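Every chain is named by a letter (A, B, C and D) in the order it is written, and numbering of its residues begins at 1.
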Amino acid sequence: MSLAVDNLRVYYRTLKGDVRALDGASFTVADGEIMGLAGESGCGKTTLGKSLVRLDGRMQVMGGTVTLDGVELPIADDNAMNEFRFREVSIVPQYAMSALNPIRKIGRMISELLDSRGVSYDETLPELSRRLALVGLDDGVLDRYPIELSGGMKQRVVMVLSTLMNPSLLIADELTSALDVSTQKAVAEMLVEFRERKFVKSTIVITHDLSILYQIADTILVMYAGKLVEKASAAKITEDPRHPYTRLLIGSLPEVGVRFADRRLEGIPGRPPGLLNPPAGCRFRDRCPLAFEKCAEEPPFAEIAPGRFAACWKAGS
Amino acid sequence: MLELAGVTKVFKTGMFGKEETTAVSDVSFTVQPGEVISLIGESGSGKTTVGRMILRLTGATAGSITFDGSDVSRFGRRALRGYYADVQGVFQDPFSSYNPVYKVDRVLGMIRSSYLPDLSQEDWRTKLRKSLEAVSLVPADVLGKYPHQLSGGQLQRLMIARALLLDIKFLVADEIISMLDASTRIDVLNLLGDLKERGVGILFITHDLSLGNYISDRTIILRRGRIVEMGATPKVFGNPVHPYTQMLLFAVPHLHSKWAEGAEGAAGWEHEVSESAAGPLVEVERDHLVASDEGTSLAGAQPQQAQGGENR
Amino acid sequence: MSTVGPRADLAATPEIALTGDGAGDHDLGPDGNRFETLHFAFHNTKLVIGLTVVLAFLVLAIVGPWLTDSTPFEFGYPLGQPPSSQYWLGTTSSGQDVYAQFVYGLRSSFLVGAIAALVAGSLGMAIGFVGGYLGGVIDDILSMLTNIVLVIPTLAVLIIVAAYLKVGSLWTEALLIGLTSWPWAARAIRAQTFSLAARDFVNLARLSGRGTTRVIVNEIAPNMSSYLFLVFILLFGGSVLTAATLDFLGLGPSQVMSLGLMMNTAVSNAALQLGLWWWFIPPGIAITAIVGGLYVMNVGLDEVFNPRLRRT
Amino acid sequence: MTRYLARKVLLYLLTFFFAVTIDWAIPRLMPGNPIDGLIARIQADSTASQQLHGYFTESFGLNQPLWRQYLNFWLGLLHGDLGPSIAYVGSSVSQLIWAAIPYTLALLVPAIVLSYIAGNRVGAMAARRKVLDNTALPAAYILTATPYMWLALVLAYFLAFKWSIFPVSGAYDFSLQPGWTWEFARSFLSHWFLPFLTLFLVAFGGWAIGMRNLIIYELESEYANYLQALGAPSKLVRKYAYGNAVLPQMSGLALALGAVVGGALVTEIVFGYPGIGTLIITALQNRDYFLMQGLFLMIIIGILVANFIVDIAYVIVDPRTRAGIQGS
C-alpha cells in the first residue's frame, strides 16, 4: 500500500521551551514513489525523516499519526517501534560513512545484527553478496574492517544493509551532500535502481539540493520553518512553482549556463523565523513579496490541482 | 597582479615526516586586477592548499608565488603585514571563522588595530558603515552580537566587509558559500561580482561547477593537485576537452534537463578517468588550455608556445 | 602510594573525561549559553557536593589554627588521650595535640597542592600550547619528551630526588611534585590546542597580522578556559595525594607538619598497636574528602561544559 | 603492525636511557657528598673516618672522571651487577632485589588485573542502571581519592589489630619454611590478602569511573545510533559500545601502572610486606645509595616491560592499529 502521515507534530524539548521543529505535516507517499523532501537547513525535513524511524535525544511526538501499509506505526513508543525498524521502515543516515562499528569485521557485524533480529545470516548471504556486487563491491568487503574502506564504499555498504530486508519505506537522509559530483550521480541513480528492483516500496529522499531531486524523484515536497509549503511532481515544481517560497528558492539556484554578467539572480532577503515561538499565520509572511493581510491566518496545505498541494492563499490563482 | 609559477606542495606525515603526499604539483596561473578566477576540483584535489599557499598560511615546497612582482615566500613579518593589507581570505565555515568567545566586532577591531591605528574615530565609523552597506548589512543588526546569534549568510557577508575595510586588491574565497542555504548563497555570490567591479581580483575556490560558471571570468579545473583544463569560463564549460572535465560536466544535476541516460549509469562507480602520464598544457584554442594526457582528443590543438609542448 | 598528578589510574579518565567530544562543546559562547551554563552549574549535584566538601576543609584549614593556641610540634599534653571536649582530636602517644597537627597539616596540604598544580599546569600549558599550535618537528620532540616523562614512574624519581635533596620546605616539595606531574596535562592541553588551531578563526587572526604568542593567548587559550580549569582541579587533587605519600615516606619537610607526616609518626609510634585511631584516621579522611571532592567537582563541571555527558 | 610496535620499542628504549641517566646523575649532582653523610652515620673517630672515606670513594669509583663513572655504571648494569648494599652488608643489591620482586609481583599483578576487570564491569553497568550510578559511582570516587597508605592503615587497624582476623607484617608465619605445603599456602594468603585488598579497591575506583564515562560516549556514537535505527536490541548495542570503550581503557592501563606500583610500595610498608617497598624504606633510612639506584632501575624496567605488554595486547585487541597498517 503506501505511507500516510496525518498532522504529525514533533518538537525538541530544550531548557527554554519546545522548539516546534515539525508543526503539523500531512501527506501521502504511494508505493513505488520516490518523494524528494527539500528545504533549507532548520526547516524540519530531517526531523520528519527521523521521526518515522527513531526519535533521538530530545525529540518528542506531540501529535498526529503515521500509517504504513494500513498499519499505524507506534513512532512515539521506542520499544514497540523496534519491530517495524529494518523490516518495514529503514534509514540510510546522514553519517553513513561512519555508521559501521570500527572494531568488527563488516560481515560479522551484519551477521550479529541479523541474528539479533531473528534472521539467519547464511540464508541472506547470497542475496547480500548479489546486492553488494550491484553497487560495485565484491564479497571481500565482508571480511574487512570499516577502516580499510573508502568513505564512498562504506556508504554503499550501509545502503545495501539498510535495504536488505526489503523495507516498505526507506528514508535517505542527505545521502549525496558529502559526496563529490562524480560519485553523487552514481549514488542517486542507485536509489532509483533499488526501487526498480523492488528492494524498497517507497522512498523519501531528504536533501537541500533541488537539482538532484529533479533528476531522481517522482514528486518533491518543499518545507519551510517546520511547515509543509508545496508538493507536486518534480517537473511541475521546477517549471511552474506555485508557492512564492518555492518560486524564489528555484529562482536563486545558479544553473550551469547562467552567468553573473548577463543575468543577476536574486536571493531571498531576511531569515527563517526562530521555532521556539514561531509567528502566527503563514511563517513565510515577513519574507514573502505577495504577503497581504489574509496571511495572518495560517493557510491550509490543500490540494490546489490534481496531485498538487500548496499552503498559500494565493497559490491557487 | 598575482602569479603562480610551477607551485608544488608536498605534505610530510608519519613519525618525523617519513611518508610524503603530494597535494599540489606544478600549478601555474596569473590573476589580473578585477578578474574572477574559479578554481574547481573535487575533495582532495588540492584546491584549498593552493588558496592557503597564496595566503602564506602554509609554505610552497617548490615554485614561486609573486604578488606585484615580489616573491611572497620571502616576506618577513613586516612585509607580510603589508601583503595582508592587499590580500585577504574568506573561509568555508562562517561559524569557525569567528572566535566564539568574542563579539563579532572583534574581527573588525583587529583590522583597525593592525592596519589603521591612526584613523580617527569619526573616519573609522564612516569607513565601517560604508563597507557594511557594500555588503548590504545593517550595522544595528550585526554589531555587538556574538557569532552564534547571527546566520551563516550574515557572518560571511561581515567577513567580506572586513576585507573591504582594507581596500584589498585580491581576495581568496575558499568555498565561502558551501555552508550557506541556497537562498542566501546567491547574495554572497553577487557580492563577489560587485567586488569584481571595484577592481578586486578574486580566486573563487569551489567544488560546485554551476557556481564557478556563474561568477568567474576564467576557470581552472584541478584534479589530484594538477591542472587538467584551464581557460575562459564559457570555453571551458562550452567546449570541455579533457575527459575529466567532460565527466564532471556530465555528472552535474541540472534543474531543467535530465541526466543523459545510458552511458554513465550505476556502473560509473568512482570511475577512474585514465590515470595516464601527466602531459603538459596544450592550447586547444585561444585562452583555453588542456593537459595532453592520454585519451585527450586534442583535435586541432596547437602546442602552447610558452610551454613548448610537442607538436600533435 | 598515589602517583604524581591525579591518580594515574584516574589519569586515564581525565584524558577521556576532559576531552569529551572535542573542542566543540567547550567553547560555549557567552550570553545565550552563559545562562544555560550557570543554570546547569547550580543544578549539578556532583558539582555542588564536591565544591561544598572542598570549601569546608579549606575553611577549616584557614580558621582551624586560630581556634587553638597549641602548635603541632609542642609537647606537654597528657599522653594518648582520646578525643574529648578539651582535646578535640585527642593527643598523641608522646603528648602532642592531634587537632593542632591536623589543622596545620591541612594548611600545608592545600598549599602544596596549589603550588604544585600551578607549576605542573604552567609547564603543561607551555608544552601543550607550543606543541599543539606549531606542530611539525617541535611538536614531535615535545611529545616524545612528554611520553618519556609520562612513562617513568614519577614516584620513583621523587623518592630518589627527595632522599638526596633532603626536602627542606613545602616550596621545594611542591616544586618537585609539579616538575614531575605535568606530562598528562601537557598531553591533554596539546590535544585540545591541536583541534582549536585547525579552526579558521586562528588563520584569520594570522591574516590580521597577529604573531604566534598573541594567537595562542588571545585566540586559543580563552576558548579553553573551562578546560584549563578542569586540568588544574585534577592537578591539585593529584598533588595533594602525592605530597601526602612523600611525607608518609618521611621524604617531605620534617619541620613542617603535614597530613602525611602525621600518619608517618603515627605508624612509627605504634599508634595501630596502641589503638590511637584518632591519630591516624582524621588525616586520611581529610585527604580522601578533599581529593574526592575535587574529582567529583571535576566530573560535575565537565557535565556542565559538555552536555553529552549529562544523564538527562 | 611491526612499525607500530617498533615505534613503541624506540620510545621505551629512549625512556630507559633517559631514566638510567637520571638515576646515575642524581647522587652525583646533588649538593654535598653522599659519602660524608654515610660516614657521619657510622660515627667513627676522625682518623678511621679518613680511611673509610678513602675506601668508599675508591669502591664507589667516585675518584674517576665523570664519564668513566658513567661507563662503569652502564657496564655494571649490563652485567646485572648493581653494586654492594650498604644497609645489608655482604649481600649485593641484585640479590636483595631478586628476593623482593616476587612478593611485589604477587601483590601487583592480581590487583591490577582483577581491579581492571571488575572496575570495567561495574563502570559499564553503572552507565546503564541509574541505581548503580548513584551508589557504585560515588563509592568509586571516594575509593580512587583514597591514599593507598591510609586505606592500608585503616584495614590494618580494624581487620588486623582490633579484630585480628588477618596477620600483619611479613609474607608468611616466621615459623614456617616456604614450600608447597597446604599450611604455608594458607599462611601466605592470609598475609597477602589485606595488602592486595588495598591495591584492588583503590585501583578499582579509577576504572569504574573511566568506563562509565566512556560507555556513555560510545552509546551516543554514530554506529550505536545506526544499530538502534535498524532495531538492534540494546544488548547488542551495549556489547559493541563496551568493546569500543575498553580500548582507551587499555591505554589508560599503561598510564596507570605508575600509580598502582607507587601504591604497592606504600602498602607494603604499612603491612611490613617483604617486597620492593620495604626494601626502599630500609634503603632510605640507611642512605644505601646503591640499593636505591638499583631499586629505581628495577621499577623502571618493570614498568617499561609492563607498558610494552599492554601495547602488544592493545594491537591484538584493536583491529584499527593492525588494519591501519596494511589498510588500503
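Things to note:
Everything below uses one rule, namely that contacts are C-beta pairs under 8 Å (C-beta built on N, C-alpha and C of every residue); 3 or more make two chains touch, one makes a residue touch a chain.
Because the structure is predicted, anything quoted here is derived from the model rather than measured.
Between A-D and C-D, more C-beta contact pairs are found at C-D. Chain nearest the geometric middle of the protein is C, using mean C-alpha positions. The centroid of the Cα atoms in subunit A and the matching centroid in subunit C are 51 Å apart. Per-chain CA centroids place subunit B at a distance of 56 Å from subunit D. For the pair subunit C and subunit D, the distance between C-alpha centroids works out to 21 Å.
Contact of a single residue of subunit A with at least two other chains is seen at positions 150.
By the touch criterion stated above, subunit B contacts subunit C in their complex at residues 15-17, 52, 55, 57, 77, 80-81, 84, 88-89, 91-93, 96-102, 107, 110-111, 114-115, 146-149. On subunit C, the positions that touch subunit D within their shared complex are 1-4, 7-13, 15-17, 21, 144, 147-148, 150-157, 159-161, 163-165, 184, 237, 241, 244-245, 248-251, 263, 266-267, 272-273, 275, 277, 280-281, 283-284, 287-289, 291-296, 299, 308-309, 311. By the touch criterion given at the top, residues 53-54, 56, 81-87, 90-91, 93, 95, 98-105, 112-113, 116-117, 144-145, 147-150, 158, 161-162 of subunit A touch subunit D in their complex. Residues of subunit C touching subunit B in their complex: 27-33, 137, 140, 199-201, 203-211, 219, 222-223. Residue ranges on subunit B touching subunit A, taken from their complex, read 42-43, 151, 153, 181-187, 189-190, 193, 207, 209-211, 213-215, 233-234, 237, 247-249, 251-256, 258-259, 264-271.
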